[in-house]
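We just call them A, B and C in the order they show up, numbering each chain from 1.
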Amino acid sequence: MKLIKFPPPILCLIPAITLIPVLGQIFSEIHVGGLEVLGEFFYAAVHPSFNPLVLQSSFQGLQVTVATALLSWSISISIGLFLGFISSSVFWKCFCAQEWQSTAIKNSLAIPRSIHELIWGLLLLQLFGTSPLVAIIAICIPYSCLVAKVIGNQLDSLDQKPLIALRQGGGGTFSSIITTLLPPLIPKIKSYGGYRLECALRGATLLGVFGMGGIGTEMQLTLQSLEFREMWTSIWMLGGVMLALETMLNYLRREQNTKKKIEKFTAQFIGILALSIGIALLWLQRIDINLFSGFSFHPIILPTFEELTNAIYELEWATLISQTILITVLASGIAIGVPVIGLMMFPSKTSVSLQRISWAFLRLIPPPLSLLLLLLCTNPSLSVAALTLGLHHLGVMGRLLKEGISDQINHNYLAIYSLGTGRRLAWLYGCLSPQSRSYLAYAAYRADVILRETVVVGIVGGVGLGWQLQESLSSYAWAEVALVTTAYTTVTLVGEYISDNGRKYWMSPQASKHSSQLI
Amino acid sequence: MINKISRRFFLSSLLLIPSLIIGTEVITSEDVLVIGAIPDQNPEHLNRLYKMLSNELEKSLNIRVKYLPVTSYPAAVSAFRTGNLDLVWFGGLTGVQARIQTPGSKVIAQRDIDIRFRSVFIANTKSKIPVLQNQNDLKKLKGKRFTFGSESSTSGRLMPQYFLQEAGIKTTDFKGARPGFSGSHDATIALVQSGSYEAGALNKQVWQSNIKRGRVNKIKVKVIWETPTYADYHWLAQGSLDQRFGSGFTKRLQETLLGMNQYSKNQKQILEMFGAKRFISANNNQYTNIERIGRQLGKIR
Amino acid sequence: MKKLLTLQAVNVLEAPEARLKDINLSITYGEKIALLGKSGSGKSTLLSTANGSIRPTSGDVKWLNVYLNHRTSRQRQHIATLWQDLRLIEELNIAQNINSGALGRHNMLWALRNLLGLIDYKPCLAYLKATGLSEKLLFTSVQELSGGQRQRVAIARLLNQNAELILADEPFSNLDPALVEDMLDLLLKKKHVNSVRVPNTCLISLHRPELVPLFTRVIGLRNGMIIIDRPSQEVGKAELDLIYRSK
């Protein structure tokens, strides 16, 4: 089948179309019944609880979360770096002139990556008990694999000629790879790594299941009991930390753009990783959390073949999978398209800073909370689930886009603006075009994350694989858990295959020649 | 210059790691009684309640007691199975799940209200769902937007689903061919009151306490049916406690719980926070019904 | 005399630019060979085949009687290549680039230390001097250098490899005359510059027939085949015409 080939900037805009059916359904069922509770919620925002007990436990939770995030971040970056290297085709080409191993490793890494850290946590909890270590491992597994994917792709896109040169001159495989590929990679890892730290903080917030507590636990429990004032105490605290982190990362990013020696970079990078492991461990110890406490192996009875086949017939796979895919597609569309449209339609300075603030807010609010808030004023539907996830990740995508645009030189914009075009068109051609390819690459990763996170919103009406996974886990039906996990992985792999090929199809050099033609 | 600085930075950060690993030695002490609870209340309440309870148990049993917070129902069950928790305040279903997975464990106490616990079905007044005369009337919920609470809750999911089933309503009979899972009893009230869901089912105790606290708008939401009684929340203890803390310990633990009364200021406060007058003795057999229903609805395998 | 590199009946059919047909060639110790040919005649492909970065479709390439892909790590260091695009590591400074020529003699830890700038840079100074670069530039990033300076860094790295044979792909294009003079002097005439040993044997592709007298032997390529292979004294206008004529 031949498809219309759009140029990349248009591809960034198109996903926003999904907003139409989603908002359409939501507005058609909107009501005011939840206004009182909503009012309470917003009133509580300016009147958070200052009860010393609440403050104390939120602060303790915050420390746990930040330390966990720091530790799992540095570990997952280190492991991800290693896995990224061994999953890149350049690495295998160096070793044995073949690259099928790379494909094999890449695909097998999709399995741990496709399962949400929350589910990893619950699975590991079954096997190893309530240990803080389980929380760390649960975050590290999908995160390492995600980092590995990004690093692997980056490595394969680097210029390999210097590597061939050093190899030819007798350099050892590892030595040559380190010498030629690390230097261009490290600045990229640093900016990506900073962004991962934020993700780790969000991840650690979601996790609290492990007897470790954390600010996420506080938020979840206060949400369940609708104690909004106590909830806001936690939200504001977490917001403060996120703001501080963002400011710090921005500062680092700006500093990085100035010319700097690679050895300083490398030392700084290794130093930061080692230091964060150190600080996190000390910190956890100080707040009286022993990583290894309670860690021991408790085997579970593996499902038999018969149970597995029975489970196949028990679940409605077509519905589960199609619901999951639908939520993912709608949510991804919103997350990818809306920031682009927003920045294009409202390019003035004030409205851009307003948008940035709202993105930060959307990132801060955990999806289960926004889901509840949305549900207070509209009827439950897939659209609500999609909008919830879409809004949360819109905050992330918006920030990535704005950063990319601020980092590039705006000659193009000025050139096109000076032609007499309007600001919006100038923005589209001058600012978005150069960014669109990397933005779409990030978008593909984001869609992956959204797919995993459908676990969080399945509760909206018992929909999708995510909800089924929780239901099966809470019924201790291991055969179902195994099958649903497999389904998740399959959907992830197929999704990746489509997005990879889609990108190749739409963004190959030929495509730009024939852009916007029917072929 | 640059070299020196980066070298120092690099080396010093490398040196930090081993010193830290040595610092975080594994400390395991056998003599601590770890208590836990399914998280069905706000954390401030849980922290306050279980801290007081820990102190009380420490005082009367003369051992160290620690409260380990857990954030989800299944996590509490698993933590009990893996031996990370010694004594847990479980709901009916989660307690049975935990007991089946943990041989030797036993039910030692429940609240006075748990022996005859009930759920309530509530409905938004705009939904035009009338007050139901009997269980058969649950049929009137067909085609309505309906929500349970948490998926592992006994009073917010298992028993209501069972009574619905008895009345001939499957979960696929609701609007959208599926019920919602609001996540908690409080959320069920808020969502039914807002009208997003036309009806829902929840723990009667939570409903009453919400009324008492003025968090229910009676113009918008009403009770349409009360379920028959069933046994719910209970204290579940590991079977190995006597071995670890000396023979007769489980009995002493049970007696301590049962002996709590209104005369001690602390104990009175604890009981109040549990929403009970006192704890009463309970045993595994009271929950055979829950187990049967759990199996029937696929929540126990 | 000792035969260093031999190519026997080599065919390269899957090459990015030009193919090679039935190449038979051996390089003896001490030879300075000029490789001539029009653009697209296969010069780069021949050099890449000779250094092992392209595997021939058929035929044998041997270094000291060992198949190229069977060489030990030590033997791999024997062939040094000056690539047309230099292949410097842009993000690193001059010292680190020069050090990367010695990777074959060191382990992975050393490579890491090199990245971190934790390696004694004094040995690099000799290579800087040998290639006529200022010592002040030692810690300059190669991105900031001029074309000529970059070429010198590439040669310094190549000398650091301590090889036996130099393969160079058009090293004299885009260089000013004085620099060409320096390079020729270094590659063709010297055995030592200060303490730095210069390999005694080389195969250099170039587009400058007037430089032929400086070499000992000339190989002419045309359409991927060797059409001339003889001592440089025997190469005159007729031979050059044969190589460069348009049809």
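Keep this in mind: a residue touches a chain if its C-beta (ideal position, glycine included) is under 8 Å from a C-beta of that chain, and two chains touch if they have at least 3 such contacts.
Only a predicted model underlies this, so the values are computations on that prediction, with no experimental measurement involved.
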Most widely separated chain from chain B, with each centre as the mean of CA atoms: C
Please find which chain has its CA centre nearest to the centre of all protein CA atoms in view. A
Based on C-beta pairs in contact, work out which chain pair has the most and send it over. A-B
Could you give the separation in Å between the centres of chain A and chain C, each centre being the mean of its C-alpha atoms? 47
Nearest whole angstrom, what separates the Cα centre of chain B from the Cα centre of chain C? 75
Calculate how many whole Å lie between the centre of chain A and the centre of chain B, each centre taken as the average of the chain's C-alpha atoms. 31
Residues touching two or more other chains, restricted to chain C: which are they? 116-118, 139
Note: chain A residues in touch with at least two other chains are 261, 263, 267
Residues of chain B that contact two or more other chains, please. 2-3, 6-7, 10
Chain C partner, complex, touching residues on chain A are 161-162, 164-172, 174-176, 178-180, 182-184, 187, 259, 261-263, 266-267
Over in the complex, which chain C residues touch chain A? Could you list them? 51-53, 73-81, 83, 85, 87-93, 96, 100-101, 103-104, 106-108, 110-112, 114-118, 139, 141, 158, 161, 163
Going by the contact rule at the top, pick out the chain A residues touching chain B in the complex. 31, 33-34, 36-37, 51, 53-54, 57, 122, 125-126, 128-131, 208-211, 213, 216-218, 220-227, 230, 261, 263-264, 267-268, 270-271, 274-275, 277-278, 281-282, 284-285, 290-294, 296, 298, 368, 372, 375-381, 459-463, 467, 470-471, 473-477
Would you mind writing out the residues of chain B in touch with chain A in their complex? 2-3, 5-7, 9-10, 13-14, 16-17, 20-21, 23-24, 26-28, 36, 39-48, 68-75, 77-79, 81-85, 97, 101, 124, 126, 145, 147, 150-152, 171, 176, 178-184, 186-187, 190-191, 193-197, 215, 217, 220, 298-301
